[in-house]
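Look at the two complexes coming up: chain A is in both, with chain B in one and chain C in the other.
Moving on to the complex of A and B:
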């Protein structure tokens, strides 16, 4: 079937403390299986970019990161990265870019890169300095999609793109997975993540707070809304995340007993969380474990 | 038809339902082959892993059977799939019904509306 849910990327107790004492990543253990699109979510400062930098070997860190069972440092040739800041060699033109890319990487497909440039309607002879943000993003993506790397790390890969191109890019990312590649993806645009991520994880204060699939979320979790008064009569069971807003209490839970009891309760309403609701409640809420 | 990502129904379940619908309506018959995982992923605009999960479930329910070199064969008849299709839809009805029940609406009142809507289709 060409689908291998095995090995992939493994963060094993990864830690990073910056010189100023800030613990950016604090013991991250996470497996991203091969052949899936995994989305990294979290507020600013949650440790997403630092984790990506560790996976790319851009920083020193504690713990290990492996790709396909081998230390990531030995697998660099199989990883391609599109950074959040889209600053490519500004004085180059695309003609020069292609010449240099094919020299640097023997497996770089010139033909495919030209097709993507065409698709994104990028001018071949204009200096990159004069490109808009959307054009720079398109350039990065064109190059990333033209390599043979099995693992793509994409940091905000749709920034500056118009809605039509954004849609196309999401489909191209999906196609990468159908072709057997693995994608690690970060974005602040949750509906995008919802559209293409197989699995996602939420990071907060450098630690992993959730890792799972969107389908699991819809199956297992429920959001209940209580009035403040009604909630006061409840005893918070284990495995709930509680958010108080004005006179309402919103409770996110996968506690089956609580779900079936509250489903029967007249005074509270339930819904199936969207990824956005789930994310907001997980980050803002108070946890009872 | 692409799956509806905003639907509260899990994506894998939407795939299962679309296969079951195709069997019940006769678009897929016994011994027909399902689209390959790749084709289905492209058609439904979903990742292959989700299709794998849906097909595995359908296999466990005795609706399809993977035959090497051929693909996933439909092995259940339309009649046997009908009931499981309705059950699969129960989750979809749950939220609407819960909302109504909690406002104190009686089943008989709800049933009347269901009948009316049913007739209008």
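Moving on to the complex of A and C:
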């Protein structure tokens, strides 16, 4: 049974296997409620971009994706997408870009785009092929933020940006939510996600391994560090994720009994996981089932 | 969206306009010297072996070329300089339509915003209207300029050949759109397109398959020989072109990006 929420973006048992047999997404069921910033996390090849492409109707897939209960084609007017490779029409200048985009898309605000171009200090008369990676990212984001849409899908929106611009972009993304929009974005940069995401999900090998808020995570999970010798005397309970490094064993768990028992032990060190620790352990660790 | 597509092809279109303009002026300017040029050619042809003369074809056409202004214009302009380059122009204009956007990843900008059907037909409308304008302007400008240059040329055959050329263009256009949709890079469809343009007349050399060669139709041979449009061939061109375009539309609708 899938989730049956009507609002927001819903992935229901989404599957995608490419022709070469690679299972990119394997039964993804996930609801992204409206009015939040949701981050997709995962290592390369986890299925983040494929999930976005499925949601946008760029690829065929099994299962369903719905936007406010409707298929993507009925909602395209309310969606803006910034792809992973921010390659725009390189033979255009920004003057031409403004002219064409305002003719192309009724939702596009010329005034707002000019403001963003000024903000990102983009040269108006230079051909886009001469732009740096950061400038191309700034351009694509400017166009996305200048387009009136309820859903913003951003695939690695800060790639190529310097730390100052990255901060600015994160601030702008946050502001989109205050304006009532929904943002779904992918990133490899965990501190970014920690800073702006209301909810996040971690994908690995095409499956969802975690979905929730940072607060929920911090409330529910604990990280314990054992010496190798001490861990050898323990019996790993179901559901723990374990990584071994040199003479130490790090254990991530939400098993209440284990947390209670290990908290009383002086031989192990307990801490509340940061998102980075949680992500690293989830991806690298061995899961006891 | 139409204006975006025109903006994308404007430089290529401008080059074609300049090139066709130079060729047209050159064709008209050479008219007074054609007799001299053909005299040499005819003598040389007479000295050629029999099988080569068979390939060269009807020598009486060369004499007609010398004496008939209209025949000169139709054969040398619509039939040769413009007619033969038309498929190449279509190839260079149409092939990048989809595959370049896919290769350069700019297609995502459109795919995220518009239904695929709208993207497809906007590109088709813009590119076909652009190349059609090129064809119509230069097909009709030729007799007008010949008259201005002091030769006496009517418009009727120009118009009839133009009708055939529009349909032949439609045929090539449909195939090139199909190639552009099928491939994900620009090189392969261009090579396949060139192969197609070259293979058709070569296949047409075989007596049984002479109908495969669309160049006599494209260059208006039947109009010059019979004074009318080859309707059967026209119908074939129209249907095949539409079929290629229809298949391309379905493929684009289903394609994964």
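Assume the second predicted complex is superposed on the first by the 282 of 289 C-alpha atoms of A that agree within 3 Å, B and C clash if a C-alpha of one lies under 4 Å from a C-alpha of the other, contacts with A are read in each partner's own complex, and residues count from 1 in each chain.
The rule we apply is simple: a contact is a pair of C-beta atoms (placed from the backbone, for glycine too) under 8 Å apart; a residue touches a chain by one contact, two chains touch by 3 or more.
On a predicted model such as this, the values are computed, not experimentally measured, just so you know.
Once chain A is used to superpose the two complexes, chain B occupies space next to chain C without a clash.
Legend: residue contacts after superposition of the two complexes on their common chain; A:73 is shown touching chain C, with no touch to chain B. In the superposition on chain A, A:171 contacts chain B only, with no contact to chain C. When the two complexes are overlaid on their common chain A, residue A:194 makes contact with chain B while staying clear of chain C. Within the superposed three-chain model, A:44 lies out of touch with both chain B and chain C [touch as defined at top]. After overlaying the two complexes on the shared chain, residue contacts for A:269 are found with chain B alone; chain C is out of touch.
When both complexes are overlaid on chain A, the residue A:59 reaches chain C alone and has no touch with chain B. In the superposed model, A:83 lies in contact with chain C only, and not with chain B. In the superposition on chain A, A:214 contacts chain B only, with no contact to chain C. Angle at chain A (Cα centre) between the Cα centres of chain B and chain C in the superposed arrangement: 150°, in steps of 10. Between chain B and chain C, the smallest C-alpha to C-alpha distance in the superposed model amounts to 26 Å. Residues of chain A touching chain B in their complex: 1-3, 5, 35-37, 171, 174, 177-178, 194-196, 198, 214-215, 218-219, 263, 265-266, 269-272, 274. If you check the complex, the residues on chain A that touch chain C are 53, 56-60, 73, 76, 79-81, 83, 85, 87-92, 96, 100, 103-105, 153. Taken in their complex, chain C has these residues touching chain A: 1, 3-4, 7-8, 104-106, 108-109, 111-115, 254, 256-257. Residues 5-6, 8-13, 37-38, 41-42, 45, 47-50, 52-53, 95, 98-99, 102, 104 of chain B are the ones that touch chain A when the two sit in their complex.
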